[in-house]
Each structure stands twice: as C-alpha cells, then as structure tokens.
Amino acid sequence: MAFQEIELNMGPQHPSTHGVLRLKLTVDNEVVRAVEPVLGYLHRGMEKLWESLTYPQIVPLTDRLDYLAAVSNNLGYVLAVEKLMGLEVPKRARYIRVILAELQRLASHLAWVGFMANDIGAMTVLLYSFEDREDILDVFETYCGGRLTVHGIRIGGVPFDMDAGVAGMIRRVLDGLPKRIADIENLLDDNRIWLHRTRGVGVISAADAMDYGLTGPPLRATGVPWDIRKEIPYSSYEDFSFDVPVLAGGDVYDRYLVRMREMRQSAQIIRQALDGLPEGEFQAKVPRILKIPPGEVFHTIEAPKGELGFYVRSNGTDKPERVKMKSPSFINLQCLERMCKGNLFSDVVGILGSLDIVLGEIDK
Amino acid sequence: MPEELTDRPDLLQVAEALRERFGDPVGAVAFEKGELAVRVRASELPAAVEFLKIVRGFNALNDMIGLDRHPAPGEGRKRFSILYQLYRFPGRLRVRLVIDIDEGEAVPSIVPLFKSAGWAEREIFDMFGIVFRGHPDLRRVYLPEEFTGHPLRKDFPLEG
Amino acid sequence: MTGRTLLFELLIPVLKIVAVILYPMVMVIIMIWMERRVVAFIQGRLGPNRVGFQGLLQPVADAMKLFFKEDIVPRQADAFLFNLSPVLVMASSLLAFCFLPLGESFMIGSYTLDLRVATSPVALLLVLGLSSIGVFGIIFGGWASNSKYPLMGALRSVVQILSYEIPIGLTALTVVFFSRSMDLVAIVNNQRDAKVWFGFLLPVSFVVFWISGIAETNRAPFDLPEAESELVAGYHTEYSGMKFAFFYIAEYAHMVLVSSLVVILFFGGWLPPFPNVKALAFLGRVPGFLWYLAKIMFFLYLYIWIRGTLPRYRFDALIRLVWKWLIPLAVLNFVIVALGWYLL
Amino acid sequence: MKTPQEYFRKLFLLDILQGLLITLRHYFSKKVTIPYPEKVKPVPPRFKGTLRLFRDDRGEPLCIACKACQRACPCNCFDIEGARPEGPRPEGSRVMRPTKFDWKLDRCAFCALCVEVCPTSAIRFSPEFRMSLIGKGPLLVHLPEMYLEGEALQEYLCGGCRP
C-alpha cells in the first residue's frame, strides 16, 4: 500500500510547540519532507506600541517578550537606551544586573531542559529542573516582587540594592544547584534512549549556522565560540572569568550539553559578582522626564536564547521614534526546516525543543 | 569628547574600503556611539553586502531594521530606510548599511547572500509593505494574508 | 433441579462473571491512583490527595466526570467503526481476564471452587490471543476518526504490537517446556512442585517477556502510539467522554493482565516466596491471593517507575530493538531451553 | 568505538538502572508541594500583589491626586480626578484629594512604575494575591475600594469565593 504524503498541522494547539507556534509539516509516513512554521498567533504589535510609550514605560513591556528570561530583555533594552543617552551606570548596579541576568539564564536553561526532556518523553526531568527554577524565581520575588515578568532593571540602574538577605538566598540556590544538575545529567547524559533521540539529530554545520544567523547555544554547539559576553563585553562582563562552552557536533545532544555547561559557568559568574560586589550607588541620576537627543543605536546582549539586540532611534522627545528588537528565537526558528528535513516526525519535536524558542519573543 | 572615526582604525578601514569600491556617492558615513553607518544606494546594496561579506569578512547579518520617516523624511532623505546590521566574527566589528527608498520602490533581496535575511525581509514586507525583488517566498510573516495595511508605517491608523 | 445444582451450576458462575468484570475495574482504579501518586512522589510532588483517603477516590471522580462528558463523534468519522473500537478494546481485555485464575482453587465441601470463569487447557494461548484482539480496536479507532494524528498513532500501534507479539509468544513457550501445560493453574502448580519459580530458571525469557509486555501495552518508554508530545493523544485523540474512558480503562486493564501473566508464568502466581527456607515457612500462612496481588502490584509499580524515569523511544529504535535484539534473543533462548530440556 | 565497559553497561541495562535509582531516591525524598489553601507560602515584603491606596498615621489619605502614576503607567490603568476639599479643613491638608481613582485591574501589568513615581507613597502594593473575581464589574476598582485592606479587600475581590 502506498502511503501518500500528508500535510500535518502541528499546532497552534499542540502539546509541544512551546506556545502558539503552528508548523505545517509534510510527512511521508513518519519521514518529514517539509516544515513551514506559521507565526503570528501571539503578535501583539509590541514595536508599534513602543512608539507611543516613553522610554521607562517600555521596560516592563519587554518582560513580555521572552517571558522565560524577562530580566535579559530588560537588560538588552535598557543598555541600548543608556548607550543612546551616553549614561554611565554605577559599577554596583552593573554587577547587580549581571547577577540578575545570570540567574535568569539559569532559570531559562532549567526551564528549557525540562521542556526539552518532556518533549522527548522524560517528564520527570521537568519537575526536577522546575524545583530549582522555582528557587530562582523566589529570589526574584524577594528582590523586586515579581516572579515571571519581573521588571527587575531600570534605566540608569536597578530598582533595589542587593542586600544580604537576597545575596544569601542566591548563595543557597547556587549551593543546591550542582546536585540538581548532576541528577538531571545522570538521568539523561548516558541514557541510551536519550542518546538515540538526540545524538546526530538535527545537525547543522557551522557555515550553515552562520549563514542562517543562528546565535546562542545552538551556534556554540556547532563549534563557533561566539558569545557576546566575551566578544563585546557589556555591563562589566569583562571583570569575570568564565568559559564559553563550545562543542562541534551541531546536533541536539550538543545543544543540550552546551546549555548544561553554561549553567555551571553562570553559577560561577554569579559567585564572582556576589563576592566582588563594589560599594556605591545602585542607580544613576536619570531625569524623571527622559528626553533623548536624536540618534540611533543598536546594542546586543547574550540572552539565554541567543543574541538579543535592540535598535533604538530617538527623535528628541520623550518617546522613541522606533524600537526594533532582534529576537534570537525568531532567527533560530528559521533553521528549523533545514534541521528537520529528512528526519522522522518524532525528531521535529526534539529539534524544536532544542532550539529553545519562546513565542512571545518571536511574535513580538 | 566628540567621537571620531579616526579613533577606530578598524572601522575607518571598512568605511574607506566601501568608499573606494563604490565611489563617493556611497553617501553619508556616520559614526555615532561607536557604530559605523554607511549609506548606500538601494541598487548597489547586494554588491555592497557581498563586498563586505566576501572581501571584508563580515559573516553574519545580525538584523534588518525598517524605518518610516513619514511625514517629514528630512532633507535629502526618502520615506523609508532599511538598516542592515552586519557583524564580523571573529573581529568584533559591526557595520550598519543604510538604504533609502521611496514608496513603491523595490529593494533587491539579499537572501542569496545571507539566509537569515529570509524572514527579516518578510517581516519588513509585512510591517512596511516594502517589496524585496528576488525574495524566494515573500509573504507576510506575522499578520494574516488578508490583512490590509502595514502596521509599522507611521500613517497606519492607531484607532479603528 | 435441586437448590444445590442451582447454586453450583448457575449462581456461582454468574457471581464469577460479575467478579471478573469488577476485578479488573477495581484493579484499574487502584492502578490509576497508584500511577498518579507514584509518579508524583518520584517527581517530588504529592499527587492527588484530596478525594477520599489519600486521594484514593480520585480515579472514581475522574470516571464520573468522563461519564457526564459530551460524547462527540467527528462529522467526518466512520460512525460505526468509531463506536465499535472502544468496545473491541474493552471487550478483548475483559475476555482475557476470564481465563486468568485469580487464585488457587479451593474446596467448599465437595465442590471445587475454581477462581476463574472459564477453564481451558490452552488458557495461555487464549489470553495472549484475546489480549491482542485489542489492536483491532486501535486500528479501527485510528482509522475511523478520519484525522491525521489518530491515523499515525494507529499505524505505529499496529507495527509495534504485531512485532512485539513474537517475542512474547516465543518466551511464553519456554515456560510451557517446563510446565508441560498451557493451563495457567497447571503452570503455577508446576512451579510449586518444582520448588522454584520459572523466572529464576529462565531469566532471559522473563526480561524479554517483560520488555515486550511494556511495549504491548503501549506504555513508556514505548508509548509511541499515544506519544503526547508528538501525536497529541495518538489513536484516541478524537475520542471523548465514555469512549475515551473505555480506551483508558482498557489500557490499564491490559497492564494488569500483563503483570498477572508475568507473575503466573515467571513468579509462581499465588505461591509464597522461599518455600525451601524453613525459617520463612510462616510466609506460607499468608493467603495465596495476597501474595498474588502483592506480586502484581510490584510489577505495576515497575511499570510506573519506568515511566517516571525514561524518555520515549523513537520509532526506528523501537523496531530495531524488537527485530534486532529481542526476537533473536528470544529465538536463541528458545533453542537453548529446548536443547537443555532435550539433553537433560 | 565502544569500550568493553560500555558494552557491559549497555548489555546489562546499567544506564537505565542508574536512572531508576535516581528516581527511586527522589521517591523517598521530601516533597516540595505546598498544600495550598491550608498552607500559604509567605510572600516577601516587596511582593507585587494588588495596588492599594494608603493613609497616613492620622488616617488622612496620602494621595494628592497629582496623577504622576497615571502618567507613568504604560498600560493606561488609571483614571484619576482630584479636587481641593470643600468647607473647613484641618491644618495642613489644603492639598488636593482624589475624587475619582479608577484602577483597571484587567489592564495592569504590575510593573510598579506607579509606586516608584508616587511623591507621597500613597499608592503601594499590598501582599494580597488572591485576585480571582466574579464578573467583570470588580475589574474596575473605584476609589473606596482602593483603600480596602485585609478581610474587606478579600471580600471585595473574591466575594466569598475563597477556598
């Protein structure tokens, strides 16, 4: 019996499309012939909305882009605005920002490994990783009152000082983390099913990855050591010593390993920042009504998902003329078709999971 | 202290090379906040991108940004601009190519040079209605096909 | 007709039939509760603990909810087959239970009370055969839904169940070598006489049977036909309400069935452990059916434990596992056992 | 290339046993679930619960209807009108008072920008997080309700739907 190619509609209400992504799959029995992502189910017109808001008002809305890494979004936008203003941020504020951003990277990667493992069928990992993620969210909650959409960074600094209580909480989280990561690694790293599902699946070469503009852990899993924190250090990242984990395989397994190793590096950065936290102000003087002379700036940071960029163009008023966000998930998702073609249907789920997309940031 | 391009010999070199290759009408070279922006003619864009990619080693297209200057484009500028953020890895160099275009003008697509431009160009088409000549699959990316208008244009009605 | 014949010829069989319907249901309820609690405990959660004692009535509450849900038949579906398939799946499971002894036969006066509904000299074959009729329900359900996810789930299911039948049959036969009977009660009695459970004589058979049994029941890590992160809910995506409950209950009943078979074939059914050790003779005083239940529960726990730990196989690996590993292993095991039997 | 050890691991399913042992250890570990209505997780002092208007020690409202929060809000949650109080007024209270203070709960993003700009610290977050409402009406919070606290606030927000 000949099995004709069928078009399979995956999403927008599918358990493993990470939100409201829709994939138009053409499958020949189980083999995927074509993948076409259909976006826009979460499009909120953020960029248009930002044109009618003042500079500080935009910060809480950036939380809603990559909602698994809200602080990173805050940081990207705020750094772009500060660069546009030419504002010097106190060193203490820069360190606190680094602590928050790296905690957010930990939270994002923990959530990712859980979702990814759940997509591949190991549902227990999700709960284990979320236990630690909850602890990190508790830190955010204590620090600034929010858990998911934290609004943890302001133009010119941070809203609150890093007091001993929060620092102690962070240290406790970091102390418990290695054991939890080890549990997850022991469950997955060596498991034959996990290896079979991830190794050699969704391979992309370094050249293709650069061509597609892939950034973040998926790019570093192809052997390109591109990390903005090292390349163009921002927010005092040059003060910390850390490694950028790079692997050459370019498959799902290497993306998994890169992220697991990055978590350890993030923990190391946070410890350094806590130990070396300089005294001083945590907020620069920023006028209450912030007007920025005409100019334009493009600033990128290394968000958990990849390179997050903000283009901000001012026109002398208190509202930006244009804010454009370069979202890493949007760029990374473009590779999906390249990675999936010829693989089995089950792998689409794994590859999609390995890219770590968040629809809030893709659809803006 | 005013910033000078001469403080950044690496970027200066790129700017000089672009000027040399495409002649003076390459247009305004702006240096601001440590970022180099070079204006090129829309028709010469693929050549300029190719030159930067192959000769100068800019191997990543970070982003494409659309701009609408409506209603006051400013002196000597056209209504729309598209900004191409190029990055050289390794080397920490960023260059912004700027092209100006008017309503109804088509822009040559750079998808053959950078695959990452595929969705970026679709997004600009979606949001600004700028047509990219030679794009393999130019459709709206966010909004439904039957949507009328292009939301990021400044004359898009904010209230319906 | 005397009262005595009425009692023994009519009433007791009817009671048995009622029991054989109730027994799987009760086991399924316990199993569902156990699964949710155990998986929750593994994951550091508490699981359902509100409805009834420790949440024991949660499955009952869920079933009540499903009873009252709207019964949807998709407009494009083949209504007859769509309605038939849950019945087929359910009936095949329940039928198989008819041949399954629930414990040792015992005497009431001069009457031997056999704790099974139907006796057959080839009960083992019948149980295996009946339980795999359920795959027709899955095929029909997947096809009749006229939807792509159920269709793919059904396709996967057919290949999977057909493939895994082979090692199950081959390994069950090795047990028959020793017991010289396909009667399930006789198999257990043989183990009593031999004073050793076949599981220790035939470890390879047991492992292959157990792995195939997990695959046969579509459970993790072989739950591809209903892989929720890929196929939404697999072959029963389009089902709702009672029909969905039928699939659900049948799946769990099937698990109970496979666990019971493993216990009977390899672990001495209702026999107490350590019959050779004098110091542990008091174990024999515990009623046999409790041992039987405890052993079944252990294997059900194993099901859940495995589900809570492992990721899901991919389709090609699943097929490779059975055709390149389990079937050759089962054949080899079969030949060695046969040779050993012949030579000794 | 696989070493003999790796073959051994694979053949005897040791990788799978290792995973099973980890899950077994967690089976006996302490559970993190908080049985919610009986036990409530304490909220930290900076917790962003519901927005409330506060009074000073003498019971005078702190809000001076300066509309700073209204201007700062990115979501247009506030609709504020103020007036100077009529009639004889006590010493030191010649300031404006709000006559209308509508907070659109459904629009609020809980970003705390209003709290930060308030010159008199009149608007602050209360730690109350149980904001399940019945109907759309209470989503528009008016001036009197903005002063509610504790039980009364719960009664307003949940209207008896408490667990």
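Letters A, B, C and D mark the chains in the order given here, with residues in each chain numbered from 1 onward.
We adopt the following convention: contacts are C-beta pairs under 8 Å (C-beta built on N, C-alpha and C of every residue); 3 or more make two chains touch, one makes a residue touch a chain.
Keep in mind that this is a model prediction, so the values were computed, not measured.
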| field | Components of the interchain contact network lacking chain A | value | B | C, D
| query | What are the chains that chain A and chain D both touch? | reply | C
| Most widely separated chain from chain A, with each centre as the mean of CA atoms | C
| message | C-D versus A-B: which interface comes out with more C-beta contact pairs? | response | A-B
| CA centre of chain C versus CA centre of chain D: separation in Å? | 50
| Counting in whole Å, what is the centre-to-centre distance of chain A and chain B, each centre being its mean C-alpha position? | 26
| message | So the centre of each chain is just the mean of its C-alpha atoms; given that, what is the distance between chain B and chain C in Å? | response | 65
| message | Report the inter-centroid distance (CA atoms only) between chain A and chain C in whole Å. | response | 45
| remark: Residues of chain A that touch two or more other chains sit at 124, 128, 131, 187, 191
| Shared-contact residues (touching 2 or more other chains) in chain D | 16, 19, 22-23, 26, 32
| query | Of all possible chain pairs, which ones touch? | reply | A-B, A-C, A-D, C-D
| note | In the complex, chain B touches chain A at residues 32-33, 35, 37, 59-63, 65-68, 83, 85, 89-90, 92, 94, 96, 114-116, 118-119, 127, 140-144, 151-152, 156, 158
| note | Note: in the complex, chain D contacts chain C through residues 16, 19-20, 22-24, 26-27, 29-33, 35
| said: Can you tell me which positions in chain C touch chain A when the two form their complex? | reply: 39, 42-45, 148-149, 152, 155, 220-221, 223-224, 227-230, 232, 308-317
| said: Applying the document's contact rule, which stretches of chain A touch chain B when the two form their complex? | reply: 39-40, 43, 45, 47-48, 52, 83-84, 86, 208, 210-213, 224, 226, 231-232, 295-298, 300, 307, 309, 311, 313, 322, 324, 326, 330-331, 334, 363-364
| said: Give the list of chain C residues in touch with chain D in this complex. | reply: 38, 41-46, 49, 305-306, 308-310
